[in-house]
Amino acid sequence: MKNFTSVHDVDNVQALVQDALSIKKDPYAFENLGKHKTLGLIFLNPSLRTRLSTQKAAANLGMNTMVMNLDKEGWALETEDGVIMNSNKAEHIREAAAVLGQYCDIIGIRSFPQLRNRDDDYNELILKKMINFSGRPVVSLESATRHPLQSLADLVTITELAPDFLNRKPKVVLTWAPHIKPLPQAVPNSFAEWMLKSDVEFVITHPEGYELAEEFTNGANIIYDQDKALQDADFVYVKNWSSYSDYGHILNSDKSWMLNNKKLYKTSNARVMHCLPVRRDVELASEVLDGQNSIVIQEAGNRVFAAQAVLKQLLMDNF
Amino acid sequence: MKNFTSVHDVDNVQALVQDALSIKKDPYAFENLGKHKTLGLIFLNPSLRTRLSTQKAAANLGMNTMVMNLDKEGWALETEDGVIMNSNKAEHIREAAAVLGQYCDIIGIRSFPQLRNRDDDYNELILKKMINFSGRPVVSLESATRHPLQSLADLVTITELAPDFLNRKPKVVLTWAPHIKPLPQAVPNSFAEWMLKSDVEFVITHPEGYELAEEFTNGANIIYDQDKALQDADFVYVKNWSSYSDYGHILNSDKSWMLNNKKLYKTSNARVMHCLPVRRDVELASEVLDGQNSIVIQEAGNRVFAAQAVLKQLLMDNF
Amino acid sequence: MKNFTSVHDVDNVQALVQDALSIKKDPYAFENLGKHKTLGLIFLNPSLRTRLSTQKAAANLGMNTMVMNLDKEGWALETEDGVIMNSNKAEHIREAAAVLGQYCDIIGIRSFPQLRNRDDDYNELILKKMINFSGRPVVSLESATRHPLQSLADLVTITELAPDFLNRKPKVVLTWAPHIKPLPQAVPNSFAEWMLKSDVEFVITHPEGYELAEEFTNGANIIYDQDKALQDADFVYVKNWSSYSDYGHILNSDKSWMLNNKKLYKTSNARVMHCLPVRRDVELASEVLDGQNSIVIQEAGNRVFAAQAVLKQLLMDNF
């Protein structure tokens, strides 16, 4: 593995999941693997889980980690080529990336979409240029279109908790949820492409107009009727996103899409997932979050082992 | 010891003070105790001394430390239960605390009061919910009503410097000082409750209307006449606070309350303490701060050993 | 060496450069030298290269590093003596420095000029008071008037790349470049004083009115005709600065001062340097930055080894 920016960077998804589960049992087994290796974690947007879980994963591997909130501690980056740099952007990503490559052996970067121009966002300029100009393995800490460390942790959690008595594949339903702000499509895009590479029955449900980009959902069963989609689900993944077709807009704030216990009863006693942060009683009913079916905390805990499996693989394959 | 949020969490105050003094002599004696243990330091407000001294204490014990300024690097937390989360608060402390508990073995948190609603502040929701939902030992890095790491360092400093020739208990005077801003009562509250658990003669002096909450000062000798209070003092602790009864307000800006050399002469050559930061010639005269009786820097230095004694105890009692 | 704030703190400049080059070959040779030693990196202004390279240098030496963006995580510092502290500045540098001295064995501090009052800036109050009141070795991470870690890395880079077939000293030209903002003189001041201590032919070229303070350029050959200055240059150092005589102002925005390939052809196939961040096609033409003569990334990479040589020397001389 050279970089970790999407499921397509992973040779063997199942092996990576199993490695994360092994690491969970013995987190310090490779605590010298990262000796003399430096991980740079560069944030252009806020982070709680991703920052702390990746920082801890690196520590478990004996890496030296340097965290920089470049948006706050540094300055704005120019990403376009061929522009005369007389704006408020003090440094071009070409130089910033190359310099980070001098100081770091592996670089993690978070860069959210602007949700203004779809082509700009889906072009993933920051991520691509970081790879091109740093000359180092790059880990996405959530980019404009994907959140692969989250998706790997999600799959680890599903694998860990899938009932083994089923004589069928576990049914996983990704359901759209209401929100007060327009959110990126990165988490659902990414979740969809990881599920489609896994041995599950995968269903997406959302109001009309909330179709995700086809490149992520090709092969998924899309059902507009949430009640029908939830039937017999073993896992329900709750997440809001803004419209892809009417890019970055909120088209619907129908509260009936919020998962509550009544809806949960339609499922096969499904475990409920969310990447967090979650807005209680907007996206997801408190009764569900505080109930026995919620696995959101275990899911967040698995972020450490997902990140650690990824860093371990990058260390082993690139050094 | 399960948590460290007030003097009431400590079984044996004197033993903890003595341990801090031992650590000061040999800071690396337990440098492997914290191996594979992660300390999360979460700040909802700015910090200089508390952050650096606790970070250093953890390093001396071999812990892995992750610092997060959640107010700046993350987002605002909801602390109320039962609210529909459609405000600017993106995450509930229930989830944030539980997630931090997944990544950290011990959690330190700083959360100042708002100084608007006394019940809200004195309810200590953030601290209590961090304890309830993280499932981890929690260290207060200053909460709405107390600053126990500061108070322990204060007591360590008094113990270290108390003249041993006295045939009486050392007299410690906490004196109110003027300030240009309304400040929390956390430091004086906390100092009072630690002094009242120690073998000192403890006096508080302040203008009328600045009475602290009784739960903290019960048993203290309160004298409104500063000159009289200072008589024969061995230690004078200078600190501003806003009114508790007329909550969060400044009732008095009488400059004559500022400690200067003339007032210091009334004491028994008292050592002068302050938790810092201090506003020179507003709270405390420069002539005192720069004079031989000031021990504010030694007091700040002892923050490391106080924090280290607390972390050591938590590591030994909980893992 | 007691502190590292300018070339004048260094006993033997050539020996320090050679040590940096040795460290580059074997970065972990002294990885235990910094054991139990804490480096505090205090930033009053943003930083990318300086922060990460110094943090990495300290890690390579086994030091414990604590980074604090005091301007964002803390509060404003008062630097004037004798003022009644009733402004927005919550702490005096006397206390802040002394407290940092309690927690850190070596202190690095970055403090840019205000570019309003020349005497204030050139007085270097923050740097001087940090030295006076911390009682610890202090490393400038760029002060109002100098950036010595940058200059040392620059000299390391020139030494590394100077063609050894020359039967003359390498010619180094510092050329002013246009910019959209008024920038400090710290980098050119510092570069000049390091070059004047080195075995090179040193030329400065800039428009009239951009003369640097004589204390830094005494002995340099100043040529106002850029084309003439660039002739036969082996290294061209490109940098903008604001006026020293008409302090902090932009006197000239003549785009013809920007280095491009046409100008580069006048040199002796010169390597092109810049401290970064650089504004493409404002300060320096993209065709040069992306061309074979640019060594700006190698120069930035050498920041690690320069910082490491300095920290190593301070550790060896002071502990």
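By letter and in written order, the chains are A, B and C; residue numbering begins at 1 in each of them.
One rule holds in what follows: a residue touches a chain if its C-beta (ideal position, glycine included) is under 8 Å from a C-beta of that chain, and two chains touch if they have at least 3 such contacts.
It should be emphasised that the depicted structure is a prediction, and the values quoted were computed from it without experimental measurement.
> Suppose you list every residue number at the subunit A-subunit B interface; are over half of them used by both chains (same) or under half (different)?
Different, since under half the interface numbering is common to both chains.
> Rounded to the nearest 5 degrees, what is the angle of the rotation relating the C-alpha atoms of subunit B to those of subunit C?
120
> As a quick test, compute the distance in whole Å between the mean CA positions of subunit A and subunit B.
Roughly 39 Å, centre to centre.
> Identify all positions of subunit A at which a residue touches two or more other chains, and write them in rising order.
Touching at least two other chains: 72.
> In the complex of these two chains, what residues of subunit B are touching subunit A?
The contact residues of subunit B facing subunit A are 36, 38, 40, 64, 66, 68, 70, 72-75, 78, 82-86, 90-92, 94-96, 98-100, 102-104.
> Within their complex, state which residues of subunit A touch subunit B.
Those residues of subunit A that touch subunit B are 28, 43, 46-49, 51-53, 55-56, 59, 69, 72, 180, 276-282, 286, 289-290, 296-297, 300-301, 304.
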